[in-house]
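Please go over the structures that come below.
Next come two complexes built around chain A: one with chain B, the other with chain C.
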Partner chain A sequence: MNQSLFAAALLDPDAPLPRGIIDPLGRPAPKRFAVYRNTVASSLIDALKAGFPTLVKLLGEEFFSAMALVFLRAHPPKSRILMLYGGDLPSFLEEFQPVAHLGYLADIARVDQALRESYHSADSAPLPEADFQQLLGQDIAALRLTLAPSLRLVRSRWPVASIFAANHAGGPAPKPAAEDVVILRPEFDPAPHLLPTGGAEFIAGLLAGKTLGESLDLATGPIDLAAILGLLIAGRAIVGVTK
Partner chain B sequence: MFDYAQGLPAKPGVGYKPQHFQAILDNANPVGWLEIHAENYMGAGGRPLAQLRHLVERFPISVHGVGLSIGGEGPLDRDHLQRLRHLCDWLNPASFSEHLAWSTHDGAFLNDLLPVPYTMVTLARVADHIDEVQEALGRRMLLENPSTYIAFAETAMGEVDFLSEVARRTGCGLLLDVNNVYVSGTNQNYDPVGYLDAFPLHLVGEVHLGGHHEDSDDHGKRLLIDSHGAEVLGPVWELYARVIDRAGPLPTLIEWDNDVPDWPELAAEAARAARILEPVG
Partner chain C sequence: MSIQSKSLIIAGALTAALCSVATVASAEDAMEKCFGVALAGQNDCKAGEGTTCAGTSKVDFQGNSWKFVPAGTCMTMELPADGAGMMRNGAMEELMRDLPEA
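Up next is the complex of A and B:
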């Protein structure tokens, strides 16, 4: 038995079965082989459903499963650790003809994926409040903040935060808007937060190791620094500070 | 902490599911140990690892790998072995087990336990891989008998002979999945009782019990599917009682991975195993 042919036939329903696969009486056994084909597909579809719950809500279970089958055949997992399987799904969706006109789907998939990454990220302890207090009065612009490894940033020209809220928290119907979200995990449960204007540029600057001042300069237009820092502090996302 | 030199306790255990965390901490009775799928605990942090930190202080843990691909034609993945080693070094589990199966080919992980033909070539490869695993982990492993749906024209020996010879060459122990014996026996036209009577029970460090469902093959013949998604069925309990009668009490896992029930239903399955392990009177 050749495992390359076996594996190829698992992922491609039109591929011929490897030779020598039989039933106990020595007869060809395509339906028996199909049990493996079905298990591979259904177990990976289940993994994707678990990983992209917002996408499942938007597309419906039936369509999602059909889409996932096309995806997994072209993009089988590369890792034996399935908790993050589906990293290629957002870009796949951008090219997937049946839903290519629904441009927001890929970004919603990015939010789902970022939430899952955050869930499994390393733990971290927030900077103690006394350390913050100590820094006030110094040259704040020169400080660099270390953010929690569970923080994720998703920028979108679609109202991804509103779409997410409408599907999970019964939020109002989304209106056209570009929305950026930051995903914060105060303890174990990550959640997306809508960022005010300039917030994403600012946080991207911090993530790139720039100082507070340099990060502020990246933001175009007015920026509500107190609101953004308040969000990060409430989300226990500032874990270190250096001068 | 626990003394793991003797392996898992000869009590019922269950496959750990996060939704049972609080119920287990409140009252795990009659469950005496927990099994985890290694690959679910290879993230960097978060709730899964935090829960495991609590559980490992209270219960003997069995680490059950599902992604090593011991039956694979290619070499074992060194990075994955290192991750397993890291997990075992942390948990100091009472048992580490993996499958007689393959799941990875050419960089793709297929997420299923795929069958191997029983030939001298496969035997040598599997034995080499188990040597490598036991060396990398610094501990003896248990190898689990598979559930299978197809046969291979090239198969040249029986499954029990194959497993016995792998164990003889490598010194590994065996994980006897009684549901798999019933499923494979039905699917491969052999008598599960004869299989179990020939099985080297003195090498068994753990028993698995799980649910299956029924389908039919290309010729309308009954084909059983190992689904881990339902209660253990009557014929499997009967085979299990026969094993315990012959071998004495063994660590016994209720394996319920899909459509996972609430804790009371799972605990009731464990209690049923407990009654067979420790018959009244």
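Up next is the complex of A and C:
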């Protein structure tokens, strides 16, 4: 028996008992293997439940667990590190027929996943306020900002920020609207923030290494730049500046 | 739009942003790292790339794990005495007490 056959049988409940799985008397031990297979699946379901708390709230534990079983058999972990397992779940949800009518689920999964990535990102020190003051006298439009490694951007045509708030912070019932979210981690707990118009284009520009001026040009329509910069500074998300 | 006028717009927005953030920051209490005060499994963490340690402390008031507390309260907050009746206090640096058995 080799490892890949064993691993394949773990994820396929219809696969025959891998050869070589025997009890102390040398007889095939299908029940022992079944216990092991069940433990693998249930531990991965637990990892997905921990990783996608908003999805669990929206779908209920029972449905989520059944869906997670289908997912994990098709998308087993690629890494031995479980903490980021489930990166394929958003795209899986877009194709998963039983929830095809709930278009927002995939983007909610992206918010959950981005929060977890943010939580596990490296620390960074924010730019001191004195450095910001110095920028004011310069040709500031030509400068580039370095953003914190824990910053994540999720753009959506669904009201993802409102759906998240309704499920975690007792926010009001969401109204149909496209919402973009930036995830910031000023200390240890990342949180999603609703971006004003043009905010996502502007931040995407900064993330792509464009100058402040170029990033400003990316925003279509009116943009409340002071609000966006205020959000980034309060979230300790601006960590460097370069020419 | 010329780069100079764009710089003026950005500088104006940045000035407004710095003012609003300064007001918020002074309204919020500062926090400090405090060792030896977190209950088991409730410590905070200096997360590094590919690692996590938040919530990994094994015993209550573990001396080498810490929690963020409002600044100025770390050394003075009241903690239960240990099993031998010794007073416990929080500290700004790692403590040798209440370490989990290896």
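Just so it is clear, the second predicted complex is superposed on the first by the 238 of 243 C-alpha atoms of A that agree within 3 Å, B and C clash if a C-alpha of one lies under 4 Å from a C-alpha of the other, contacts with A are read in each partner's own complex, and residues count from 1 in each chain.
Following the convention adopted for this analysis, a residue touches a chain if its C-beta (ideal position, glycine included) is under 8 Å from a C-beta of that chain, and two chains touch if they have at least 3 such contacts.
Not measured: the values here are computed from a predicted model.
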Chain C versus chain B on the shared chain A, clash or fit after superposition: clash
Partner chain in contact with A:Phe188 - chain B first, chain C second, else both or neither: both
First (chain B), second (chain C), both or neither touched by A:Ala208: neither
Touched partner set for A:Ile140, first chain B, second chain C, both or neither: second
First (chain B), second (chain C), both or neither touched by A:Ala177: neither
Winner by number of chain A residues touched, once chain B and chain C are compared: B
Partner chain in contact with A:Ala234 - chain B first, chain C second, else both or neither: second
Chain B versus chain C as contact partner of A:Leu216, first or second or both or neither: second
Partner chain(s) touched by A:Met83 [first = chain B, second = chain C, both, neither]: both
Contacts of A:Asp123 with chain B and chain C, given as first, second, both or neither: both
Chain C clash site on chain B (candidates 40-48, 148-156 or 184-192): 40-48
Chain B and chain C footprints on chain A, overlapping residues: 81, 83, 119-123, 149, 188
Contact set on chain C toward chain A in their complex: 3-4, 6-7, 9-18, 20-22, 24-25, 31, 44-52, 54, 68
Complex contacts: residues of chain A adjacent to chain B: 1, 3-4, 6-7, 10-11, 19-33, 35-36, 39-40, 43-44, 47, 76-83, 119-123, 149-150, 185, 188-189
Residues of chain B that touch chain A when the two form their complex: 39-40, 42-50, 67-69, 72-73, 77, 80, 83, 102-112, 114, 116-117, 149-154, 187-190, 215, 217-219, 221, 223, 225
Chain A residues touching chain C - in the complex, by the definition given at the top: 81, 83, 119-123, 129, 132-133, 135-136, 138-142, 149, 187-188, 212-213, 216, 225-230, 233-234
